[in-house]
Every structure is written in structure tokens, then in C-alpha cells.
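Both complexes below contain chain A, partnered by chain B and then by chain C.
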Partner chain A sequence: MSAVIGAAYDLLLCAGLLWVALQAMRIREAFGAVVVFMVFGLLMAVVWARLGSPDLALAEAIIGAGVTGALLLNACQAVQTDPGARRASARVEPSPGLPHGLIVAVCIAAGASLAALMALALEVPGPTADAARAGADAHPLGNPVTVVLLDFRAYDTLMEMVVLLAAFLGARVLIDQSELAPLHPPVPADPPMVAPLLAMATPVLVLTSLYLFWAGSHAPGGAFQAGALLGGLGVLYRLTGRLEPYDHTPIWLRTVLVVGLIVFSGVVLAAALWSPWPMRYPETGLYPLVLAIEFALLLSIAATLTALFSGTAGFRPHTGARS
Partner chain B sequence: MNLVYALTAGLLFAIGLYGLLARSELIHRLLAANVMSSAVFLYLILIATAPAGDPDPVPQAMVLTGIVIAVSLTAFALALLRYFQALNARRALEDEADGDD
Partner chain C sequence: MSAPDLIAMVLVLAGCTFFVAGTAGLLRFPDTLTRLHALTKADNVGLGLICFGLAIRDGSLAGVTMLIIIWLLAMFAATVSAFLIARWHSPESDPGDRP
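Up next is the complex of A and B:
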């Protein structure tokens, strides 16, 4: 019985996922498409949970649906408010060149063949690293995903932080060069519910974020989910004017942006002291080192995501005097 | 169960491809690219899942990394989009000024 319910649930979930994705592609208006895309992110999170991967479900819900959605909604606003936006959008040539019928035919053919191939290839043994799984089982950290992220494949994670920083630097250069105005003009007066909402949301979000960070070493969670959640809080503060745009990156913000990379690289290099290779943890004291790295990563991820959302060189806490 | 998700991954990729080809607005194309990457992530996890049991931790970590990279790419692409628009607006103004002369 439960198998039947499970199968029905899977079918409904997949049908919903495909329907929402199709709508996100078809809705003309950017705002509507973005909102539907955020729903798509949430459904993806449910799919990850269903496939037995709570780490991915958390990451997708916070990053895929939350942060990406906030960034996209920001861009929708920018498309309308940037100087000369309407004029510019009128100039972009409307047609991609291919007739619509041909595109639909190509996509139906591609979808059918890909789906068939993917279903057939399920039988082929995939990239299951049994050694990694066995190693993760014997590892002092309880969460196998964290073990892979911070120990077995720490280099990937380090480079991921570099990509995040590069994205911020790239966005900063572009925004600087085009001399665009900051997106969120200072709010003259808060709507009445904003202050109570923030007063409630702040402790809850900080606590949840710290819990995810702390739990990450032995249960689903980790620096990325926790950092993205804290970044979400930063987005909230930025939107309500508690953090105001700043035309250069203050020194404290620069520090926070790179602290993850510095601590991580520091541990990687320091490993030369106790082992012949870099990126190797000492026999004892692995846990505090991992916690230190994860906490630094958390801070950097939160700051980078908030800065990316802000779309300015930097931001600083709002002081009442200026407005 | 995995069969349903494998079919979904293939179709999802095709839907993303459709969005990429059929829409000319840049935000929509970005959405389409994100949908396509979701389809790839989904399949990567599927082929790493044993018939009974949880997915392998290594692909899970790779997809987690992929999700974070996807959001940074999206953020950078959105900055590019604003830059492109500002550039176009400036060019339009210059063209108009030339037209007046």
C-alpha cells in the first residue's frame, strides 16, 4: 500500500516539477516567470528530500529557491528602474531567428531521446565511489557529505569559495563601470509591520543558521546552508534599509568576504607541518579545525551573498543620522 | 521510482532548452539555464543512487557545490544583464544625439 502511495507521490511531484518548469519558460512577464521559478526551486527541494538527500534539499530550498529568487526579483526591479531601461529593452532584437515550430520540434525530440537514454542508462553503474563511502563511515565526522566537502574533496570546496568571490568581484566591476544607481532607495519610513517582523525573524534565522552550522558535522546541514540562510537575513536587512549601500567596500566587509578563503587556505598550508601533503588534517584535533573552517566559510558565504544581492560595491549599517 | 525521476530529468532538460531557444529576454534565458542545470544535478544524483539506499556522498557534495556555483553564476549574469542594458541605453542616447545634429 505504502509503495502505491509513494509511486503516486513521485508521479505527482514529477508532473508538478515539469509543469512549473514549463510555465516558468512560457510566462511572458519577467516577474511572473521568476515567481514560478522560485516555486520550481521549492519543488526541487522536495525532490532532493524524496531521493534521500536532505543536505541537497536544505541547500536547494535556501539557495536555489530563496537566494536565487531574491537575486532574480532584484533584477526584475532593475530592468524597470535603471535609467533608459525601457528604451534599451525596445532596442533588443526580439526574435532569436529560428521559427517557433522548429524549436518545439527540436525540443520534443531532444526531450524524448534524452529521457529514453537516461532511463536506459540507469542500469549502467554510475559514479558510486565505494571507497569514499567506506571511508566516510569510518570518519570521525558523522555526515558523509561534510566529510567529502571538507576532507576528501576539500580542494573542490576551496575553489568553490574562489568562484563565489570571483562572482562578487566581477559583479562589482560591472556595476562600478556602468555607474548604475543602487537598487533600493532609502525608505523614508518603515511600514508598521517591518520592525516587528525583523525583531522576530532575526533571532530565529540566526539560531537556525548556527544550528545548521553546528549540526553539519554529524547531521544534514553545513556551512553552505547556514551561510546562505544568514545571507538571507542580510538580504532582509538590505531590503528594509537597515544596511545601506556604500560606494566602496568597507574594510570590515573585505575581511569578512575573504575570511573563509584565508582560514581554509591557512589550514591547507599548515598541513605541511604535520604531514607530507597539504590538505590533510592532523590525527587529533580534526573536529575543531573543521569547525573553524566551516565557521569562516559561513561568514564569507553570508557576506558574499548579501553583497551580490545589494548590487553595490559595499554596504554598511544604517545610522539614523544620515536619512 | 528512479525511472520516473530519470524521465523527468530528461524532459526537464528539454524544457530548459526550449526556454533557451524560444525566449529572447535575457532573464528568461537565465531561468532556462538554471532549469537545465537542475536537470543535470537531478540525473547526477540518480545514477549515483543504489537501488536501495541513499545517494553516494561524493556526487551529493558535487551537486551541493554545483548549486552554490549556479547561484554565483546567476548573480554575475544578472550584473552583466544590468551592465548590458546600461550600455544599450547609453548607445541609444548617443544615437539620438547624432540624429539631432
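Up next is the complex of A and C:
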């Protein structure tokens, strides 16, 4: 009985996911499309949770739905307030390229063959998968996802941090070259309820973020989820004017933006001291090193996401005197 | 089925009813304020009933505490966002409030 209900629920979830994805593509108005995209992210998170991947569910909910949604809403606002951008978007006509039906058919065929491949790959007992599973079981860190992210495939994670930094630098270059109106003009005063919301949300979000970082080594969580959550708090502070825009990147912000990369690269290079290979943890003391890397990553991710959302070169805490 | 399970099931189903009613209101009601009115009932009472039912089924102190925290956090966020949407919508609102 419960298996039938579970299967029905999964089918409903899949149908809903496809429907929402279709709507996100079909809705012409940008704001509506972004809202539907955020709903897609939330449904996707439920799907990951159903598949038994709480790490991915957390990441999808916080980054896929939350942070990406906020950035896209930002972009909507930028396009709506910038007359040049509106003219540019009005000029874009539906391109007379391939017929839509053909594109849809190709996408469906590609998706279906990928799904079939994945289903087949599940049955193949590869030596890599077995070795990875055995290695993760014997690893001092309890969470297999963190084992892969910070040990087996640490290079990928390092490069992800480079991508994040490159994204911020790219955004800075674009901001300098464009003449966008300020995205979040200062508000003269908080509407009621905002101050109590922040007073409660701040400790809860900081605590949850630190918990996710701490839990990452043995349970679902990790630097990316924790950093994105802290970045969400930064977005709240930026929106309510508690962090004000700044026309260059202050030195403390530059430090925080790169600290993750510096600590991570430092450990990677220092490995030459105790092993013939870079990117190898010492026999003892793996846990504190991983914690240090994860904490530095957390700070950098939070700062980068807040700076990206801010849409300015930098930001600084608001003080009454400067106003 | 034991009595606690039955009570939990009734509570969760009642909570789901609130969500269905709230969604129907969101889709059918004519303007922003009445839609918000319908939605907040689903958020507050519906989620509360579901959490209550799940708490009865769970029974452990940690689980019950977490469910209560989830309910309180969701209520707080829903209250503030509903308030801000209503304020943004209402014609006499201060234009400075508008994002």
C-alpha cells in the first residue's frame, strides 16, 4: 500500500517538475518565469530528498532555488529599470533558426538516451565505483559526499572556487562597463516588521550556517550549503540597506573573497612537504585541515554571493554617520 | 491502527485540507489582500496541524522540538512576507517602501 502511494507521489512529482520546467520556458514575462524557476528548484530539492540525497537537496534548495532566484530577480530589476537594456531586449525577435518542434524532439531524445545510459550504468560494477565506495567507508570523514568533494575530487572543488571568483570578477568588469541604475537604492526607513525579522533571522541563519559547516564532515551539509545560507543573510542585509553599496572593493572584502582559495591552495601545495604528490592530506591531522578549508570556503562563498547580488563593486556596513 | 496513529492521521489530513483550501483561495480570490488572507491560513494552521500530527507519530523529544521550530520559523517568515506584500500592494503605502 505505502509503496503504491510512494510511487504515485513520485509520478506526481515528476509530472509537476516537467510541467514547471515547461512553464519556466514558456512564460514570456521575465519576473513570472523567474518565480516559476524558483518553484522548479524547490520541487527539484524534494526530488533529491526522495532519492535519498539530502546533501543535494540542501544545495538545490539553497543555491538552486534561493540564491540563483535572488540573482535572477536582480537581473529582472536591472533590465526593467535600464532603458537601454529594455530597448535591447525589445529588439530581440524570435530567431528564425531551427523549428521549435525539432528542438523539443532533439532535447527529449537526448534526455531519454541519457536516462537510459544512467539506468544501464547502475548495473555495471565498475572498479572505480567499488574502490571509491570502499575508500569512502574507510575514510576518517563520515560523510561520503564531503570525502569526494574535499579528498577524492578536491581538484574539482578547488576549480569551483576559481569559477566563483571568476564570476565575481566578470560581474565587476561588466558593472564597470555598463551604466546600470543602482539596483538597490537606499531606503529612507525600514517598513515595520523588517527590523524584528532581521533580529530573529540573523542568529538563526548564522547558527544554521555554522551547523551545516560543522555537520558537513560527518552528516549532510558542508561549506557550499553553509556559505550560500550565510550569503542569503548578506542578501537580506543588502536589501534592507544595512550593507550599503561601495564603488570599489574594500580590502577586507577582497581578503574574504579569496581566503577560501588561498587556504585551499595552501593545503594543496603544502602537501609537497609530506608526500610526493600535491593535494594529499597527511596521515594524521586530516580533520582540522578539512575544517580549516571548509571554514575558509564558507566565508568566501558567502562574500562572493552577497557581492554578486549587490551588483556593485563592493559593499560596506551601513553607519548612520555616512548615510 | 493504534489510537495515536489515528489521531495523527486525522490531524495531518486536516492540515492538508487547509492547504488545499488556501491554494483554492489563492487561485480563485479576486485581489491581492484576499489571496494573502487565504494563503496565510494554509501556512499557519495547515502547517501547524501537519507538524502536530507528525509530532504525535514521532514522539521523540528531539523530533518534536524540531517540528515546533519548523512551524514557528515558517509562521514567522510567512507573517513578515505577507505583511510586506500587503504593504507594498496597498495604495496608501509610502512610495519609499517600494523596492
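One rule holds for everything that comes next: the second predicted complex is superposed on the first by the 277 of 323 C-alpha atoms of A that agree within 3 Å, B and C clash if a C-alpha of one lies under 4 Å from a C-alpha of the other, contacts with A are read in each partner's own complex, and residues count from 1 in each chain.
Please note the rule applied: a residue touches a chain if its C-beta (ideal position, glycine included) is under 8 Å from a C-beta of that chain, and two chains touch if they have at least 3 such contacts.
This one's a predicted model, so the numbers in the text were calculated from it and none came from an experiment.
Q: Contact-wise, after the overlay, does A:Pro282 reach chain B, chain C, both or neither (first, second, both, neither)?
A: Neither partner.
Q: Taking the superposition as given, does A:Gly266 touch the first partner, chain B, the second, chain C, both, or neither?
A: In the superposition, A:Gly266 contacts neither chain B nor chain C.
Q: Answer with first, second, both or neither: which of chain B and chain C does A:Asn74 touch in the superposed model?
A: A:Asn74 contacts chain B only, not chain C.
Q: Please indicate which partner A:Met200 is in contact with in the superposed arrangement: first for chain B, second for chain C, both, or neither.
A: second
Q: Using the touch definition from the top, say if A:Leu149 reaches chain B (first), chain C (second), both or neither.
A: A:Leu149 contacts chain B only, not chain C.
Q: By residue count, is chain A touched more by chain B or by chain C?
A: B
Q: Given the touch rule stated above, what does A:Leu117 touch, chain B (first), chain C (second), both, or neither?
A: A:Leu117 contacts chain B only, not chain C.
Q: Kindly classify A:Pro140 by the partners it touches after superposition: chain B alone (first), chain C alone (second), both, or neither?
A: neither
Q: Which residues of chain A touch chain B in their complex?
A: Interface residues on chain A, with respect to chain B: 6-7, 10-11, 14, 17-18, 21-22, 24-25, 30, 33-34, 37, 40, 44, 47-48, 51-53, 55-56, 59-60, 63-64, 67-68, 71-72, 74-76, 78-79, 82-85, 87-89, 91-96, 98, 100, 103-104, 106-108, 110-119, 121-122, 124, 126-129, 132-133, 136, 144-145, 147-149, 152-153, 156-157, 160, 163-164, 166-168, 170-171, 174-175, 177-180, 222, 224, 228, 301, 304-305, 308-309, 311.
Q: Residues of chain A touching chain C in their complex?
A: Residues in contact with chain C: 77, 184, 187-189, 191-194, 196-197, 200, 204, 239.
Q: Quick one: in the complex, what on chain B touches chain A?
A: For this pair, the touching residues of chain B are 1-19, 21-28, 30-32, 34-35, 38, 41-43, 45-50, 53-65, 67-76, 78-83, 85-90, 92-93.
Q: Under the definition above, what is the set of chain C residues touching chain A in their complex?
A: Result: residues 73, 76-77, 79-80, 83-84, 87, 96-97, 99 of chain C touch chain A.
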